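Every chain is named by a letter (A, B, C, D, E and F) in the order it is written, and numbering of its residues begins at 1.
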């Protein structure tokens, strides 16, 4: 086995920044685990899509010849039990040696556990982020050009846009519960 | 067995809007499950009363001859694991065919699971809502005319008004922890 | 409110001993909570039926005029966290003053929490017990005369007999997992 | 997307019966999810290997050109909450239409959820089963010819044989806790 | 056994107000349990330090001759299941008779469970509170004079200041997840 | 800080073997964490006593001048999630460098995590073990000479002998649930 990387994200949804990052990472390591974090959550503003839906987005968006080098693995959030989170991830993943993430907490936790941690170059960060894409969906604006075809397909098949809009409206009348 | 409905709420507290809705629903179906959601929580701003206290409010507020047509069932929240929530509810409830709810997420989840979902007419929605009643309690204003006698009785017996006020004050000095 | 009792069981399935006990208890107290324990489990040898199915059995087996005096409430097992179990039950139930159970641990836990605890007379205990009825189902022997009509109906509707038999066979080739 | 299958197992360890089954299944469907069940457990007699270790065994044992058709996904056991288990699985998996399993409970749960369920032909079942292979490891007998090279490699790298032996001895002095 | 007190806090971090309170309490009771609450959380803004790190701070800050009168016990938060929280605490603690806390909810829950509850005199409350000290750390201002030497030592050893700053920055770009 | 040890046990109950071991360990290290494992369980055959009761037994049995060198910390079992168990323990404990245990699994898990692990000399192992003492209690035979005075006192105060006997009888009519 040669070097294996770990790329951590929630992928809500999987967008061009993510696919760009994976291409970049596959030039550095010859094997990659894509970790689908917060896997238990769905139908919330931060996590509208299920882990299965997110895995499908990634699977369909990756280049076919890259698939044999990539494992896509869902891992639950540990509800702020952050100290054990890295160990929890290690339980569900084959061994890896280098972690790719720009998230401060993720970086810190893996560094403290002895891993190499590398940044991922941003791809038009201002426009391409999960938060912004969900916002665009909620406001019925254009978002389809910000995700790979695989993601677009899956989101259409599951009625994802409508789902995000419903959650958005729900939040606006937030604390109301008849 | 004839048709059975499911009425979903948190009932914090059970108020006139809820009892009005149940009367309305019992004209449509001849059997009803009243689902007491977020059953594990209590002594918080959104959920001051325990599931047992809420069940007592409902039990005492219903017409005696309606009780034989109604099952009151507490079900825990699944902590944002929304995708499995309907199935989780089904585990704790006898079979039902039609769901009554005005909440967007609840409606969407039951629709996706193949249920008929109907709206419930609002009863003076601006004045009668759980959030508003809790706010009135916290500010020592009049709320007793917004709930059925059964609820009023229970809230008095358990010192509910004082409890809500305590939680309200606690929130104001929120992040303070000596 | 007059005195309320709590009757604790798993009701796998609800049988003649249980319905006999409820009749007996309703002569002692004028209000009763039937607690459906281990509510989260199903499709196992000890707990083949879901809480919802068990609630349906009880609901259909009770005399119609008794229904207005009875609350049927499902409560999860706390996975051997026995010390907090009574408190956990109290969270989901309206106040009660006397507990009916023949189970040693249940009796001890409620006694230690300050409740009156009473035994329930056995109804042909040797023949009528959940364990024996499940065994009869598994061996395709006669069991229908040991449960009220309501239970029989529900078990037939859900294919309960076949389910129990499947679990029984599964256990025999137990640790096998291809 | 064409038809996708789901193959359910615990893979403790991944053996020749499993790899034989996957070859068979990939002749029926052109896409496959290999579900690594009971993913949270490890270092026990029934589940000595972590989900990550089991995923590595599978990944290394599959034919390289099959990897692009296969997703390997770990899913936790729901601790006897069997009624919600299928839904729980669906949360972590892309859509699939046909389930491959010889386990009675797994088959029943997926059938009740509306899936096609097919048996998998056994490969020398008497000699090749997880239970038997763990027993052989514990007794320091020959087991390496019963697993694919990928599994053998991983088990050697992690000291798996020694681990199984340790657990086996631990069980013999079972309830002892100084 | 003579009278034993319970002092409840999260100790994020253990500061001069806490050590002052313990001195005060040890004049009232001759034995004390220091309860380290929300013990499962760490690396968050409200709970940056692990339970073990907080226990170490307390252990090193107490007077050596007080140690034999004090038990330091970590207890997990029950995630808003407040009604069972006191019972949950009692599971992990030896018997005590009087509770020391200024927190409204803590006081109410222990009062309802039948305990004596006493306030603790504040020690320069405006300057010495966990929230303020974490804020000072985040802004690279002076905080070391607000904690006992034991806490300062531990925070230095674990790089606590840097950790708090990292979490603080993380919060500022909060919902961002690449 | 000088070297700190960790002594792992369930202490059901804390007996002479345990107190003998602690004396032995305190000759090797000048600071000790006594880890009360499986802390969430009680009122079962393997774990009759709550964590709080076990902590009290240990606290009263230790030499007063040893108390300032010893931390007694309860930690929950992780329900067979063994791979994360060491990390879970580390979350609740101050740093330690050497682990004392004779249990195979405990030793293996701490060794794999990089700790020094030492055996503890047995003190009349055939007669003095938790399992045997519980058995003696159940059969109303002599057990008091096998535990330190502190344990004996606590067990008497809480009616521990009667509790163990009740659980023992409960097990004999095991699967019975009326």
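What we mean here is this: contacts are C-beta pairs under 8 Å (C-beta built on N, C-alpha and C of every residue); 3 or more make two chains touch, one makes a residue touch a chain.
These numbers were taken from a predicted model, which means no experiment stands behind them.
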Chain B and chain A - chains in contact with each: D, E
Intersection of contact partners for chain A and chain D: B, F
Residue-number overlap at the chain A/chain F interface, same or different (half cut): same
Distance from chain E to chain C - Cα centre to Cα centre, in angstrom: 43
Length of the line joining the C-alpha centres of chain E and chain F, rounded to whole Å: 26
Chain E: positions in contact with at least two other chains: 40, 42, 50, 79, 81, 83, 90-91
Chain pairs in mutual contact under the definition given at the outset: A-B, A-D, A-E, A-F, B-C, B-D, B-E, C-D, C-E, C-F, D-F, E-F
List of chain D residues in touch with chain B within their complex: 81, 83-84, 87-88, 90-91
Chain B-facing residues of chain C, complex: 39-40, 42, 50-53, 55-56, 59, 64-65, 67-68, 71-74, 76, 90-95
Chain C partner contacts - residues on chain F that touch it in the complex: 40-44, 47, 50, 79, 163, 166-167, 169-170, 175-178
Chain E-facing residues of chain A, complex: 9-10, 12, 17-18, 21, 46, 79-83, 101-105, 108-109, 120, 122, 125, 129-131
